[in-house]
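Presented sequentially are two complexes of chain A, the first with chain B as partner and the second with chain C.
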Partner chain A sequence: MKLHTLEAWSLRDLIRDGSVTSTDIVESFLDQIRARDAEIGAYITVCGEQALEAAKHSDERRREGRTLSDWDGIPAAIKDNISVKGVANTCGSHMLAQYHAPYDAHVVSLLKQAGMPILGKTNMDEFAMGSSTEFSALKTTRNPWDRQKVPGGSSGGSAAAVASHQAPWALGSDTGGSVREPAAFCGLVGIKPTYGRVSRRGLVAFASSLDQIGMLTHSVRDGAALLQLLAGHDELDSTSVRREVPSYESVLGAGASGLRVGLLGGASQQGLQPEIHEALEQAACFLADQGAEIQEHAFPLLDKAIETYYLVATAEASSNLARYDGVRYGLRVEGSDTGEMFRRTRSEGFGPEVKRRIMLGTYALSAGYYEAYYRKAQQVRTMIRDGFLELFEKVDVLLGPTTAASAFGFGEKPDPLQMYLTDIYTVPANLAGLPAIHVPVGLDHGGLPIGLQITASPFAETNALRSAAVLETFARNRGWNR
Partner chain B sequence: MISREEVERTAALAHLTLTDQELEKMTGELASILDAVSSLQEVDTSAVVPTNHAVPLENVMRRDEQKPGLSRDEAVANGPDVVQSFFRVPRIMEEE
Partner chain C sequence: MIIGLEIHAELSTRSKIFCSCSTAFGGEPNSRCCPVCLGLPGALPLLNETAVEYGILAGLALNCTISVESKFDRKNYFYPDLPKAYQISQYDQPLCRDGWVEFELEQELLHAGVTRVHLEEEAGKSIHSGDNILGSDYSSIDYNRAGIPLIEIVTEPDLRSPAQAKAFLEQLKRTLQYIDVSDCKMEEGSLRCDANISLRPQGGRAFGTKVEIKNLNSFRAVERALDHEVQRQRNVLETGAAVVQDTRAWNEAKGVTVSMRSKEESHDYRYFPEPDLPPLAVNQVWVEELRQSLPEMPLPKRNRIMEQYGLGRYASDFLANSAIWADFFECAAKQYGNYKVLCNWLMGDVSRVLNARQEELPQSRLTPAALVELLRLVDDEIISGSQAKDVLEEVCATGRSSKQVTADLGMEQISDEDELTAMVEEVLAAHPEQAQRCREGEERLVGYFVGQVMKLSRGQANPKRVNALLRQKLQQ
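Our next item is the complex of A and B:
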């Protein structure tokens, strides 16, 4: 049996009825990594020995009837900006190429407490800034569906690892679409939870008011299970929310009956790849057939979401990345005085996209421009959030595209603005802190995955997951088979 | 339109040194990005309060109690130049 091709739920069933061990499963994934990753480039670090050791302990626990959770022994891959104690945490940057995390991120502690081995750390755009993983300073990651195409980004390594069966599931981070866009390009389910639902402690900060840890999985039920494990309050992340975590798995079979689904018309929906547009229309019909009430709404301000996002995100990034000065960790390039050391370290350690964003953010925050750029963007952000909250009084979820098109080729977007525009459908959820899920629904004429996005009101992951499960049925009916 | 001098000034604020070639390229790129984002000026925000965080935050209090954390050695283990658990940096003051 090819264990590595199975979704996490199936692995869990097999391990539970005793037909396989965690060691079998971890070995199967490590074999697949050895066979595939030279070509795909998903991992920056593979933790083979530690994963096998953790699997051995899991098997011992199971034999002795003291498993830690339902997922004891099921491994996972982690994006290389989420800390795993003692393991390199490069963020895809020369700046942190030699940095080893001194502690576990809260989410990693939760995985370990559940008995889950960590397979390794996955490639990403440098400091999560990018939409194709082309901005990784350390390696190239290829799309498993077509190696001439990018895997999406910034969590491109996590997406490619799961899509090429080098991990059953993976964690990513989503600041403006960095889980959902690679999920779309690689044919996976990608979940960005509500801001504050999952602790960010141990996630290297990019834009603190937008960053959220998310999941890349083969199925909606795998995503629901992983979210269930990770959601909750963490007293060491003051932005994580003290709020009860509902049962996510129990809503998956609830169907669409009575669900109010909103569609957004207008200019923002123009320029969609025809197959995505068609899938969107068919999905709306399917939901209606299943008893959902479809409503059309306009939200013209969303046309300003990209502009708002790139000002807020770069301003926060310029402040967060000020910490890389060559003093306490990371790269140091010596200079005759501290000022020269700072400048040399930062100029050599950061790649071109990171520098561009630091520059844009610094400019937007500088005296004379703060009001016109940063403050203005924060005000429009308020209006976007209020607009969403108003909409969610009328609908339970919004259905729309995740990306305008399927995966693009390497070097196809040399202009920074063009790259930024790929995030047009994903940044609104980050600006408003909303949960959003990408669900794959089929392949385009070129054999590349396409899919759709479900967005819900803050902390209504249950509505989003319930709808995503219906979309999964829709996808199966259209012949989608991962 | 952002000038080359403004780009140089911004680089200095961000502790970045740009080569002439980088400066040239960065000026053009920032100009086109700023041109694109300036469409925000069309939105009337006269009565709008700016959002810092998407989810309303409360001040978080806790008891001031000692808890186990990273040891001193663990905390400085990633330092590029560590002497007796201090970070060594280039001289910042002239010798007498």
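Our next item is the complex of A and C:
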């Protein structure tokens, strides 16, 4: 049996009825990493020994009847901007290539407490800035569906790892679509929870008010399970919300009956790849057939989402990344005084996209420009959020595209602005702090995965998951088979 | 002359403002740090509620309005001792605003407005290998201090002389110590002051060009630096030139201010709201509770002490300078009615002994009861005033009661008539010639014999009684 090809739920069932051990599972994934990753490039660090050690402990616990959770012994991969104690945490940057995190991120503690081995740390665009993982300073990650295509980004390594069966599931981070877009390009389910639903502690900050840890999985039920493990209040993250976590698994079979589904028309939908447009229309029909009420709404303000996003995100990034100055950790390039050391360290340590965004953000916050840029962007952001909240009075979820097209080729978007525009459908959820899920629904003419996005109101992950499960059925009916 | 001050005071919370590391002074360098106060990747701040409480207490003691909602902002600048390259501070919505301080200078009651009081975090400390940053081969940084909570207090430009600035600061320090939110040790850097100063023609309304002076590490430095700066600006203006807006550092050794950076070089801190911390909503019921918990403030206490105990201004100022000394005095005064004597002891010998022992009153073994007991021993003529000083030293050193020390040192005066008579007779018999001269009217020899008796009794004879007995014997 090829254990590494199974979704996490199936592995859980196998391990529970005693037909396989955690060690079998972890070995199967490590074998697959050895076999595939030279070609895919998903991992920056593979934690083989630690994962096997953790699997051994898990097997002992299971023998002694003291498992830590349902998922005890099921491994996971972690994006390389989420701290794992004692393991390199490069953020895909020369700046942190030698930095090892001295503490576990809150989500990593939760995985460890659940008894889950960590397979390794996955590649990403430098400091999560990018939509193709081409901006990783450390290695190239290829799309398992077509090695000439990018895996998406910034969580491209996590997506590629799961899609090439080098991990059953993985954690990513989503600041403007960095979980959902690679999920779309690699044919996976990608979840961005509500801002504040999952602790950010230990996630290296890109844009603090937008960053959210998310999950890349083979199925909606895997995604629901991983979200269930990680959702909840962390008293050490002041932006994490003290609010009860509902059962996500229990809503998956609820169907579409009575669900109010919104579709957003307007100019933004016009550049869609025809197959995605077609899938969207078919999905709406399917939902209606299943008893959902389909409504069409306009939201013209969303045309401003990209500008707003890139002002807020770069402003926060310019501050968040200022700490990489060569003084305490990470790269240091010596200079004749501290000023020169700062300049040389940051000039050599950061890649072009990171520098571009730091400069944009610094400008947006500067005296004399703050009002026109940062303040204005925050005002538009508030309006977008209010607009969504108003919309979610009328609908339970929104159905739309995640990306305008399937995965693009390496070097195909040399113009930064063109790259930024790939985020057009994903950034609104980050600006408004909403939960959003990408669900794969089929392949395009080139054999690349395409899919759709479900967005819900804050903390209504249940609505999003319920709808995503229906879309999954829709996809199966269309012949989608991961 | 227009002066405004910016004061930073470290709050004496046990843990830092955004993490649970200790705030204790000193310690092995970088031993009181964690991912949060080192600004490691992924670390997040968590606001220390006690720091907010202390900030509110300070605001209330300075007669401020406490904001129902305030927020934190990032102040961005690069400096090696600033771990995140931004300081979490408060920009446009400070915790407290619109307060005032009353203080006295040469018995004149003065008033200065407090624009705002806000919370922020302390940076680390650079330690240069040479005498100064430019002459150093390398610098080390100790981040133990990074993240200690600070309040920044900004005054209105209400001060009109260096002496007023100093008097204001002294009153501010006293006030913060009264409410026990900061130890205000300028020598340890837990209280720091920057001053803004400008000159304008007599009777003029518009403010002149403002100069900021940094690095003022003592009250004396504040006064001296301002004195110097006034003179410097006057000299500039008298030549017909204009004062340049800049930031200057006080050089204590040379007694001059030196330009650090001009307006053009001033930082753009690119303040923006701290996304890692939600806005700070302050419960007004809590504020009222804190207001009720405030102790009596220095000036009202001074005035009450003057009135209630009939003490002079100088003595009352001395007592009210510290709530601890005033409390000690008032506690002792409940058991001892001669307030002036009590206060004189505190100002004189008690201060002297504590200074010599390098102790503060709260750490001392001296209690109000022990002091009262000591004063009673003197009043009852069991020991002399000069013996009492020795007893006080011993009480402070050992913590034993005054009575016990007196007994242990064998200091009780001998007042027993028979015992004293025997001693008087013994010395008269031992010096018959002097006794005779004394009987014939050589008055000064009475003192000589008192001395002899004191010597014989090893100082314990009650000198008054001895004197009386001698005269009696010599007349026989």
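To be clear about the criterion, the second predicted complex is superposed on the first by the 482 of 482 C-alpha atoms of A that agree within 3 Å, B and C clash if a C-alpha of one lies under 4 Å from a C-alpha of the other, contacts with A are read in each partner's own complex, and residues count from 1 in each chain.
Keep in mind that, in the parts below, a contact is a pair of C-beta atoms (placed from the backbone, for glycine too) under 8 Å apart; a residue touches a chain by one contact, two chains touch by 3 or more.
Please read these numbers as outputs of a predicted model, since none were measured by experiment.
Trainee: Can A:99 be said to touch chain B (first), chain C (second), both, or neither?
Mentor: The answer is both, since A:99 touches chain B and chain C.
Trainee: Touch test for A:432: chain B only (first), chain C only (second), both, or neither?
Mentor: After superposing on A, A:432 lies in contact with chain B but is clear of chain C.
Trainee: Let me test your reading of the model: by the given contact rule, A:335 touches which partner, first (chain B), second (chain C), both or neither?
Mentor: Only chain B; A:335 stays clear of chain C.
Trainee: Have a look and say if chain B or chain C is in touch with more residues of chain A.
Mentor: The partner that reaches more residues of chain A in the superposed model: B.
Trainee: Tell me the contact category for A:91 with respect to chain B and chain C: first, second, both or neither.
Mentor: After superposition on chain A, A:91 lies in contact with chain C alone.
Trainee: Name the contact category of A:214: first (chain B only), second (chain C only), both, or neither.
Mentor: neither
Trainee: Quick check for you: in the superposed arrangement, does A:238 touch first (chain B), second (chain C), both or neither?
Mentor: Once the two structures are laid over each other on A, A:238 reaches both partners.
Trainee: Is A:204 contacted by the first partner chain B, the second partner chain C, both or neither?
Mentor: second
Trainee: Which partner does A:327 contact after superposing on A: first (chain B), second (chain C), both, neither?
Mentor: In the superposition, A:327 touches chain B and chain C alike.
Trainee: Under the stated touch criterion, which partner chain does A:310 make contact with: chain B (first), chain C (second), both, or neither?
Mentor: The first partner, chain B, only.
Trainee: What is the shared patch of chain A, the residues that chain B and chain C both contact?
Mentor: 99, 102-103, 209, 235, 238-239, 318, 322, 325, 327-329, 338-339, 342, 362, 366
Trainee: Taking the complex as given, what residues does chain A use to touch chain C?
Mentor: 81-83, 89, 91, 96, 99, 101-103, 105, 200-205, 207-209, 235-239, 315-316, 318-319, 322-323, 325, 327-329, 338-339, 342, 362, 365-367, 370, 374
Trainee: Please name which positions on chain B make contact with chain A in the complex.
Mentor: 2, 6-7, 10-11, 13-18, 22, 26, 29-30, 32-34, 36-37, 39-41, 43, 45, 48-55, 57, 60, 62, 70, 74-81, 87, 89-92
Trainee: Can you list the residues on chain C that touch chain A in the complex?
Mentor: Result: residues 35, 38-47, 74, 76, 78-80, 83-86, 141, 268, 270-272, 275-278 of chain C touch chain A.
Trainee: Touching residues of chain A toward chain B in the complex: what are they?
Mentor: It comes out as residues 98-100, 102-103, 194-196, 209-210, 235, 238-239, 241, 301, 304, 307-308, 310-311, 318, 322, 325-332, 334-344, 346-347, 350, 355-356, 358-360, 362-363, 366, 372-373, 375-383, 385, 416-417, 420, 430-434, 458.
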